[in-house]
Amino acid sequence: MSQSILILATKAPYGTEDFFAGARLSLAMLASGSISRSTVLMVGDGTLNAIASQNPGAIAMPSNPEAINDLADFEGEVYVLEEDLKARVGDLPIIDGVKKISWEKARELISDHELVTTF
Amino acid sequence: MKRTLLIHLRSGSMMNMDSNLAVKLARAALDRGHNVRIFGYGEGITVVKEGQEPKRFPNVGKELTELAERGATIVVCETCCAARGIHRGEEVKGAKVGSLTNDLSKFVSEADRIVTIAR
Amino acid sequence: MASILFVLLKTPHENVNLELTTDLGGQSKKAALLFEDAVYYAVDRKAAKHLAEHVDEIFVISDDLAARGFECDIGGKFKAIDYGQAVDLIMNYDRTVTL
Amino acid sequence: MKRTLLIHLRSGSMMNMDSNLAVKLARAALDRGHNVRIFGYGEGITVVKEGQEPKRFPNVGKELTELAERGATIVVCETCCAARGIHRGEEVKGAKVGSLTNDLSKFVSEADRIVTIAR
Amino acid sequence: MASILFVLLKTPHENVNLELTTDLGGQSKKAALLFEDAVYYAVDRKAAKHLAEHVDEIFVISDDLAARGFECDIGGKFKAIDYGQAVDLIMNYDRTVTL
Amino acid sequence: MSQSILILATKAPYGTEDFFAGARLSLAMLASGSISRSTVLMVGDGTLNAIASQNPGAIAMPSNPEAINDLADFEGEVYVLEEDLKARVGDLPIIDGVKKISWEKARELISDHELVTTF
């Protein structure tokens, strides 16, 4: 019996559909009404999904920034591991509503969610 | 103690051994007296396609039907099926085409543990 | 978090972010459950050492090891198990995280 | 100079952007006046499945039919199709179910260059 | 071998065996053609340096770069191109090898 | 126009079907009669396919050693990069008919084959 699920997003946009699929799963959990908390945590290459200047229209792919905005409509939380993003592309503006966090906060999120699934 | 295991499968029937791993874990969990739910998402939906005729590799579709006969619940994402040209009615016996919102959210709320099988 | 079981499926050369076990696990009890090509961690000396530095216990599916040509009498932190034992581990650890 | 490009595709229609890359390269090669052959092997066979209805992602099946109309030759491996429950007659217009021995060997003998698209 | 074009599709963190370009290419003229997630090599400073040590020229699909949020005015050994130019490269190099 | 193709095998057994698929492709090229040389070169994780003591029956997978033996029937050459195999598992007996080589010989193979495809 679980009331919460954490989506661990580890893949970069847009080579795979994983981030989009994970965000959609999170949205569906929140929309279903039967799961009280469904949170997205970007780590590793997954942190690249937080970059504000993404323009997936250039390759006709569904937009990960829009998928993140959709989550906000259902009060879904979205976090990005600051250290991993910085190590890849330095300090870049990130999407509104995404919160930069440390590993300590990431460990808290693992503790606070009963299930963890990886994308 | 009887508990509920949710297997979140996102690899296809033949692309790697992941689908076989899902079957083996499900079988072992049933042997131990646990409840088993399998949700196929993304490429993972291809495991339920009827008419699989692998020459030398294990027939995952057949194995899923056997798991269902033993009490496992197997559902795959309809949107992912339609995207790949697989439609309702083409699933193997014992598997169901369903949705994140209706089916996976229920599986999550019932699950004691989740195992994600994806690469 | 009391305990985390990390599930690995890929070879040591494909699965490079082992640091994630420590980053996400912190002071929790940490174990690795090796399926499929991840069983090569048990026989690649350098990879074995690296993984053992990150987690407290390591479980390896013996069938997967045998298929790849290796005996099951592995030692140290590594323990060969079957699928039933893998299910028990999944149920006994507080969280299961696939990397 | 007109030359022949062989695209060896081993990723599925939706699992990642590889199938889209194959389409874009094929289109550009036709634009340059080259001959184009696409051989789908392993998961790569799923690109020719008829009835693909992706909601937001590009429709690879449709794009392949357009490439065929422009002169590209598209063949997928029959054994790989059967293994996945996809049978002769289920391929999109312009694509053909064939074999390594008859079709790929011919493509190889005709090819000036090969590009492998797989992960 | 006069020239080899290495095709990369995955991110620098997934694509770890860059040594293969030197091992297989030896003294040949070597270039990397970056599609999909491999375009991150152009914007990840550490990865860019590593790749530049291994090959003589690096070509990046500009659409893939734009989709991921980056401008095309990249420099050094990196050059932004379109799919037509990618086809020309494939035809002009003696061998194309996907890594 | 090409008369030769080199199969660069980079994936370990048995998590993916890549090695088996590559060996089958090579066999089909040799059997077709229209390609005069089709050679398998194992590098990186692909070198693990050369280990003699493999027992894929333990997981009901098609045998890569048998696929290598089938190649010998058609005078297909199979090479393993000694340094990569050694770095992974040390000095182990390898399958009869597979030749251990250095990078220098590997570069010769690339030169001697008109097309190279990766598995």
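Should a chain be cited, it is by its letter among A, B, C, D, E and F, assigned in written order, with residues numbered from 1 in that chain.
Rule of thumb we're sticking to: a contact is a pair of C-beta atoms (placed from the backbone, for glycine too) under 8 Å apart; a residue touches a chain by one contact, two chains touch by 3 or more.
Only a predicted model underlies this, so the values are computations on that prediction, with no experimental measurement involved.
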Path length in the contact graph (subunit B to subunit D, fewest steps): 1
Touching both subunit B and subunit E (chains): A, C, D, F
Most remote chain, CA-based centroid, reference being subunit F: A
Centre distance in Å when subunit C and subunit E are each reduced to the mean of their C-alpha atoms: 34
CA centroid of subunit C to CA centroid of subunit D, Å: 38
Shared-contact residues (touching 2 or more other chains) in subunit F: 14-17, 44, 59, 61, 115-118
Residue list for subunit D, restricted to those that touch at least two other chains: 14-17, 42, 57, 112-114, 116, 118
Residues of subunit E touching at least two other chains: 9-10, 13, 17, 36, 96, 98
Chain-chain contacts as defined at top: A-B, A-C, A-D, A-E, B-C, B-D, B-F, C-E, C-F, D-E, D-F, E-F
Subunit A-touching residues of subunit B, taken from the complex the two chains share: 4, 6, 8, 10, 41-42, 99-102, 104-106, 108-114, 116, 118
Interfacial residue positions of subunit B with respect to subunit D in the complex: 12-15, 42-43, 46, 49-55, 57, 61, 79-80, 82-87, 90
Subunit A to subunit C touching residues, read off their complex: 8, 10, 43-44, 103-104, 106-107, 110-111, 115-118
Complex interface listing, subunit C residues touching subunit E: 13, 16-17
Residues on subunit F engaged by subunit B in the complex (per definition of touch): 14-17, 59-62
